[in-house]
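Got a structure for you, written out below as structure tokens; questions coming shortly.
Order as written gives the chain letters A, B, C and D; numbering starts at 1 within each chain.
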């Protein structure tokens, strides 16, 4: 696939003793808001083409972590290395260009634009000259790709509806499709199934798995729905009050008393 | 030397008046989060009210302060209810142009009603000037700045110690929270507009002692009010006085030391610089 | 699947032919106006319409598409106008060259002002541009090189090189061509990636940033482009009025707001908007001035203010929106028939 | 392939921009036609762009003169008064009035078969663009327009003059004071009233006389002027003459118009402590300045370059007392000009205001009509020559000049001159105090300290 070749060209800085299958490495990541510490020296890594689950009670810092990785927050300490490149404190758009795409907890498509246009905008912005955009339109490959993905998540019929007009669940699917639009190395989904009806949940889960198998896309997923996350993720991290509580396979996590306590204790 | 001191003193006095005008704007901005371009026109209205009560009923502008405050309160809340509520539903652009339209309508409406002639109130209680310790003060300006400070004090007390005031501050700090604790935001907005307009109305009444009355008198004062608000930090009532004094003194100094025409420019340049360096305002932590 | 496509293809080609026809007719009409109407006033109204189409469209890029409230476009008009006035006066260079120089200067200024200020949001940007406009106005008033407040007069000596023509026809065609050019440019932009990106920025900056669009960069680019094109309007302005002074362009930043209004009344973020806006506003202003001017006391401006309020309150999408609605209706009817 | 087609097709559907463009162009067409009609209605068979050689019937019913006044914009009330002055002048021409003043005895233009003069008014808006637009409109809506008159604000007059040049229409101006108007060597533009150059010369002549006859000992002068066309031009002339007359300018203050206060300006003036302050300001700031003079107890004679100083709004405040100004005319001068006085009474009863501020405009309009009359045709060239040949004796004037005669090059009235007046009496109004020989009231110099007023 396209991103594979880019892969070769882009891998510039090699961080010492980096195992090649670690696509994302987070060292000692710390983020404070005034008094409270949202993230405290978090260490974690994501392996290439895995589905990584990230769980934890509310306010445990999951979304903060996402915002740090995608550059919306400037971390107060620590380092984020994506595919051998230090992305700490970079502009979100630059990070996105590197191949991280992210969905928001509350879906944020551009309501005034059509579903199709939303897809087009989400294309990869790698090596795109700003002046060039003045007169170039989206090329056919992009358009075909957009249609493909719309078909893939099965909302092709809504193609020319304004994003404002489509249902909540469909917006979720649109977001998913958008995140896949830019040949991402890694997709970060923030509660992809929150507030979605069961049938659609299955659909979304199914899409994620298929995408993971079909394109070998890496997924990093925040999810509250235990069945879903346990079902799809290969590996999991548990965050609690800004610290990594546990790392391991779904089974390990499920059977860890600490985790249960973090969730249901007091 | 003494002239420089004089210049600074003049600046301070003008500053007090600016800060009174700015307080109204800051209140509106803070609570309702809308830029009221018509603010100066509200002041103009206050000036005309004071002028006519004085010429027709022979009531001194200082006495007509309550009247101005009252009328402007009503006018402010009315214009909120009728126009602004709807504007708030729209985009920021529409809000700005809406209030701008209000400004045009008020200014030229006043012109159509009361002619574009410059009117001046003569021999009010506080006209002419006094000399204190070798420095000259216009009585009009002096009383204006004193009353300004008093009004500011009252507003502060109101905001700090009354129930409504607290509610206002709450909704200025955090709308969502305010609503969740059951503050009627609609009501708060209306109050904010009313009180904000009342402040500027009072300023208008005081101005008639030493300034001419004219339909388009407001615009330049609106500008300075904006600047004070920006300096204090958009939407924050705190620090308005300091900001006002700063503006006053900067103008006065640059006007006296550099060249008179630069005094407004200087303020605007500083305004731009501050917006760029500290958009959150001078007197606020991050 | 295929059948539908073929059907729509046919329909499209039909539409296309109609569209081409309509454009052709419209262009033809506008082209022959100077011949059929030998009334200079009507022509001058048209010239103003064309000039304001240029200005309005330019503002629309930053104000309508990108949604950044720029209130200093009078400055850029002034840059254009003054370079047109200064070049021949001081350097004996033909004002035609201003079409190249003015945009360059304007672009630089536009970039310089917008690069830092566009980091700020919403009314911060609006206020800063407003203040910038004020400062520039005062500086122009005291700038001896451009003759300060007295302004510069362009002597009426008709010649092609001086870009002054004894009959308004040529000026009409000149402004017509420029306006048409601007419209085409903005049609291209509207259809281009840029147009799409700017729209997305207007709706949700964070989301756009998340999608990999460098919001700040695009905003600044839009502002720079907008400034450059605005200054072209300024050149024509000067060549037509033959007199420039700071108040004309920057007093109370009235012109900046007027320009914005053209786009707003017409419809923000559409190619059509500024065109409609100019075609409605300019004649309206001309005739209201003629009608209400007699009343004196700026009664016309009172009306103007009311109109602005009403638009802002009830009609934020402008005229273009209505055209679209009508269009949709027609379309609906058509489909109804076809099925 | 099918996909391609689909894409293109969809793309078409995505936006209806294309069709929006057509829509707009349709609107364009509609507008063009409506405008066309509007103009057609007003048009006469005669060609519209003024080509008077063709459009000159033997004796036209009426002589249309396009007059521009600032009816909107910053000074609408002044514009209204100017309009009345012009109407009044036209009335004088069209009706027999028993008065030695120019054109009064005539009924219409006798050399054109008693054709009536009809002023057609347009709004100049005191704004270059508005004035130009209105002038264009007047010219093309009235193909039989014979001449242009106005505006009041110099920048507006400038663009109207440009229109006059463009169409070759004679133009007369009665009240714009910017020297540059007659310095451009315009072919069709004539100015009856003095410009700031001459006015300010009056001010300096006055100061010289003060030194000579009243040994006022004026040496150091300060100048204060607003940052407008009027202010800066005045300032240039101030500086020029200061050198010529051997005064030295010790303070030069340009302040921004309609500001919130003029304290610093006055503080600087006080600090400089000159013998005289020369000012060029409009009404609003003049009021502020004098209130601030009192505030800071500044007791220096102030001579204004007209404008704000002669406005009723300024004279309404007690601080204005003893203010000096240049002027063309003051009400008291009617007393030694009986003919003018009669007209003033007529004017007053018609419009309820004194003609004093408007004698310039009335006179200038009369001069224009006289020229057309002498030309005996509506041919612009003829009128232009007539204007150039103008030579009106003192006796036929309602202004205190030695006559009216245009400089062949600049087209500026060579005899036009100003007077110096002072705010005196109760109620305060302007009284002529210089030239001393026909002063309406005795000059008060220096003004008494503020606490004794």
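Here is the rule we go by: contacts are C-beta pairs under 8 Å (C-beta built on N, C-alpha and C of every residue); 3 or more make two chains touch, one makes a residue touch a chain.
This one's a predicted model, so the numbers in the text were calculated from it and none came from an experiment.
Enquirer: Taking CA centroids for every chain, report which one is farthest away from subunit B.
Expert: Relative to subunit B, the chain whose C-alpha centre sits farthest away is A.
Enquirer: Whose C-alpha centre lies nearest the centre of all protein C-alpha atoms?
Expert: C
Enquirer: Which pairing of chains accounts for the highest number of C-beta contacts?
Expert: The largest set of C-beta contacts joins the chains C-D.
Enquirer: Rounded to a whole Å, what is the gap between the Cα centroids of subunit C and subunit D?
Expert: It comes to 34 Å between the two C-alpha centres.
Enquirer: Determine the centre-to-centre distance between subunit A and subunit D, using the mean Cα coordinates as centres, and give it in whole Å.
Expert: Result: the chain centres lie 72 Å from each other.
Enquirer: Between subunit A and subunit C, what is the gap in Å from one C-alpha centre to the other?
Expert: Distance between chain centres: 42 Å.
Enquirer: Cα centroid separation between subunit A and subunit B, in whole Å?
Expert: Measuring from centre to centre gives 49 Å for this pair.
Enquirer: So which stretches of subunit A touch two or more other chains?
Expert: In subunit A, residues 117 touch at least two other chains, as defined above.
Enquirer: Going by the touch rule set out above, which residues of subunit B reach two or more other chains?
Expert: In subunit B, the residues touching two or more other chains are 111, 115-116, 261, 264-265.
Enquirer: If you look at subunit D, which of its residues touch at least two other chains?
Expert: Where subunit D meets two or more other chains at a single residue, that happens at 13, 76-77, 227, 254, 256.
Enquirer: Okay, in this complex, where on subunit B does subunit D touch?
Expert: 3, 6-7, 10, 14, 111, 115-120, 122-123, 128-129, 131, 136-138, 210-212, 214, 216, 220-221, 224, 251-252, 255-256, 259-261, 263-265
Enquirer: Would you tell me which residues of subunit C are touching subunit A in their complex?
Expert: 188-189, 191-194, 196-197, 199-200, 203-204, 206-215, 217-218, 221, 225
Enquirer: Over in the complex, which subunit D residues touch subunit B? Could you list them?
Expert: Going by the criterion above, the answer is residues 74-77, 227, 253-256, 258-265, 267-268, 270-271, 283-284, 287-288, 291-292, 294-297, 311-314, 316-318.
Enquirer: What part of subunit C is in contact with subunit D in the complex they form?
Expert: 1-2, 5-6, 8-9, 12, 15, 19, 22-23, 25-27, 29-30, 33, 36-42, 44-46, 48-49, 138, 141-142, 148-151, 153, 155-156, 166-167, 183, 187, 190-191, 241-243, 245, 247-248, 270-272, 275-276, 279, 283, 286, 289-290, 293-294, 296-298, 300-301, 320, 323-324, 327
Enquirer: Which part of subunit C faces subunit B closely enough to touch in the complex?
Expert: Those residues of subunit C that touch subunit B are 63, 67, 69, 116-117, 119-120, 122-124, 126-128, 131-132, 134-135, 138-139, 141-142, 252, 257, 260-261, 264, 268, 295, 297-299, 301-302, 304-309, 311-314, 316.
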